[in-house]
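Below are structures written as structure tokens.
Shared between the two complexes below is subunit A, which has subunit B as its partner in the first and subunit C in the second.
Up next is the complex of A and B:
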């Protein structure tokens, strides 16, 4: 369980990035933080493992007040994959990159082998185990960053803009991975302004603008609210824009797969 | 008039053992708006780098065949010459901006061309105006948003008065509203000023209304090219990592289920599809 209580955060240069954030995320939830660039999404994520501590208010992760815990101890429960995956890398091989954190957490060699093997397989990186992380393609680097985090099996996984620089097939793969990890009981928190990606994932959406939460609801409700999306510099998913225009057929604005919406149109036309 | 011509173009980066571009034959004409699409790593960026001399001057490797920009062979015309024909905008504007003010950033390349003072001032004013960022003139690039930075980066290219502007995923870190704004501005450069645009981008839904040619690449080769509507109608481009807009998928399903003549064209926008449905409904 994650609790934000009246959290404010002001950067050392005086920029107030978060104000009056109140939030509760339960175990096993799938949550997306959406909003314009600079809305405070990444700043909020950095509070989850104590990289940033609130200027006022408090953040409680699984019962621990982050002000009184180290990043190292919080990281056991919270793994964050940042937007620029490469910033995480420093090891000579993919295998060592994934096993590094496990060694630090003091796991037995046997366990480490098993876990790294599992993470490589899960993220389809087995062929690259002896390759340098820096020689991977953009999509592979993203998957490696996620493999590193999943290998130590934190209860909470946060992903900062996981689709930036990913092509459409990699995005589909990312959706599968996120769903699978979520089904295994992990709490997943994603920051993104990729509306089509989030429309496919259908998570709970926390909409942010200028450091504040302006809406907290389910995908269907949030992504069909055009004025709210506009306020956050988001553009509605194309299927929402389409169904908005199809009122004359008696179709209500909603999310959906294009093929399903086509069949709905045909039913109404006949 | 041909703006860019590639013949039997191949390229392999130094230290690598595989060809990133293979046997590319291509002609791009003046005033075209060309969109490059395909999976990450398919060779889009490498191809763009061949169009302004970054390859072979900046990136070392083995170059086969030839590329001509307005008739100038890129092998024997260095980037400072080619950049007066073809300017390039990158994914991350931070790599392109460095001066203390927006104005100084835009003026920098012009000063290097030793243009007269008045001309520099005139061109900077013009570029700021065209990009709609006159209010940013005295700001530091550091205090701008991502979308604003990208507009400044384009303005600094524009001030060189290039005939061609090449853009490599310019909106990938922007939020959707900023991305749309930027793409609309790029389109204006094309239809108002006649600048040839060559862009690699994943946001097909925003670009297709403006594009006259779609080039789909796979594994270093061009697999399809032509009018985007024709390509989307004839070929299944999804396996090549082309993010086909969802309205296109709706129309394809409608075509499949209803008789072929119902949806007469593949729509590129929501508005086009809605028009077609209205027309079909009233004609029924």
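Up next is the complex of A and C:
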């Protein structure tokens, strides 16, 4: 369980990045933080493992007040995959890169072997275990960054812009992995402004603008509110735009699969 | 700056700091200038302590008011020194500095390297912070252990930083090459610096004051408190 109580955060240069944040995320939820650049999404994510401490208010993660805990102790429960995967890499091989955090958290060698092996298999990186992380492709690097975090099995996994620089197939793979991890009981929090990706995942959406939460609701409700999306400088998903244009046929704007919408059009035209 | 290096007398250093405060107020950077000097206070305290400990550890030197006074003098001089640097960088952009160097016939290749180094410093600081955040999120504790262990723990920070720096420099090299960098020996400039009357006045005043500083320090040798 994650609780934000009246959280405000101001950077040392005076920029107020978060104001009046009140939020509750239950265990096993799939949540997306959406909003324009500078809305405060990454700042909010950094509060989860104590990288940033609130200027006022408090953040409680699994019963622990982040103001009184170290980043290392909070990170056992909260794994963050940052936007730039390469910021993590320094080891000569993929295997060593994944095992680094497990050593930091004090796991036994036998457990480390099992967990690294599982993470490599889960992220389909087995063939690259002895390769340098720097020689992987963009998509593989993102998967490695996620493997690094999933290897120590944190209860909460936060992903910062996971689709940046990813092609369509890689995005599909990412959706599959996120769903699987969520089904395993992990709380997943994604920060993104990729509306198509979020529309496919259909999570609970927290819409942010200028450091404030302006809407908290499910994908169908949030992504079909065009004025709200415009306020956050987000383009509605293609299916929502299509159904909006089809309003003259009596079709309401909604998130749907292209096949379903095609069938609905045929039914209405008959 | 040069005068600060020559004198240690409290009166001269005080005059230099007052003049710098007035200059920063005229340049409308007094707030930022004073914050920079205040921000350096831990370093100033460190210099005082290091000087003091060094002085009393020398053979024949005991704990005395004299050693405290001399250490304070060194720390006070550092304030003037930092304030000079601060006022220079708060009022001069890297581009203006580059233009001045070009005017002094420094080859543009070196000027460009110099400007880039200054311009990339804040970007590198930002990258360094995001690398530290990434590694701390993987359970890396930089504050724990003895000096050797701590140094070893900096490897996961330094390797990605080096990789980022190298990648950025290759990208920059490619970017300037496609813009025909170095295509002609003599390039033209969009903006060029020209000396105006107030520049000549400022330059003359600086030369006169600096000459007086040299005269009173090495030739006339006046005794100041």
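Convention: the second predicted complex is superposed on the first by the 270 of 270 C-alpha atoms of A that agree within 3 Å, B and C clash if a C-alpha of one lies under 4 Å from a C-alpha of the other, contacts with A are read in each partner's own complex, and residues count from 1 in each chain.
To be clear about the criterion, contacts are C-beta pairs under 8 Å (C-beta built on N, C-alpha and C of every residue); 3 or more make two chains touch, one makes a residue touch a chain.
All values derive from a computational prediction rather than experimental measurement.
Within the superposed three-chain model, A:235 lies in touch with subunit B and out of touch with subunit C [touch as defined at top]. In the overlay built on the shared chain, the residue A:88 is in contact with subunit C alone; subunit B does not reach it. Contact with subunit B, but none with subunit C, is seen for A:37 once the two complexes are overlaid on the shared chain.
Contacts of A:195 after superposition on the shared chain: subunit B is touched, whereas subunit C is not.
Within the superposed three-chain model, A:187 lies out of touch with both subunit B and subunit C [touch as defined at top].
Once chain A of one complex is fitted onto chain A of the other, the partner contacts of A:169 are limited to subunit B, with no touch recorded for subunit C. In the superposition on chain A, A:224 makes contact with neither subunit B nor subunit C. Touch criterion met: A:139 reaches subunit B, while subunit C stays clear of it.
When the two complexes are overlaid, the chain among subunit B and subunit C that reaches more residues of subunit A is B. Of all residues in subunit A, only 46, 49, 51, 70-72, 75-76, 79-80, 82, 84, 86-90, 100-101, 104-105, 134, 148, 152 touch subunit C in the complex they form. Those residues of subunit B that touch subunit A in the shared complex are 38-41, 91, 145-147, 169, 172-178, 180, 202, 205, 238, 241-243, 245-247, 249-254, 257-258, 270-271, 273-274, 277-278, 280-281, 284.
Residue ranges on subunit C touching subunit A, taken from their complex, read 127, 130-131, 133-141, 155-156, 158-160, 163-164.
In the complex of the two chains, the subunit A residues touching subunit B come out as 35-38, 137-139, 164-170, 193, 195-196, 230, 233-235, 237-239, 241-242, 245-246, 248-249, 258-259, 261-263, 265-266, 269.
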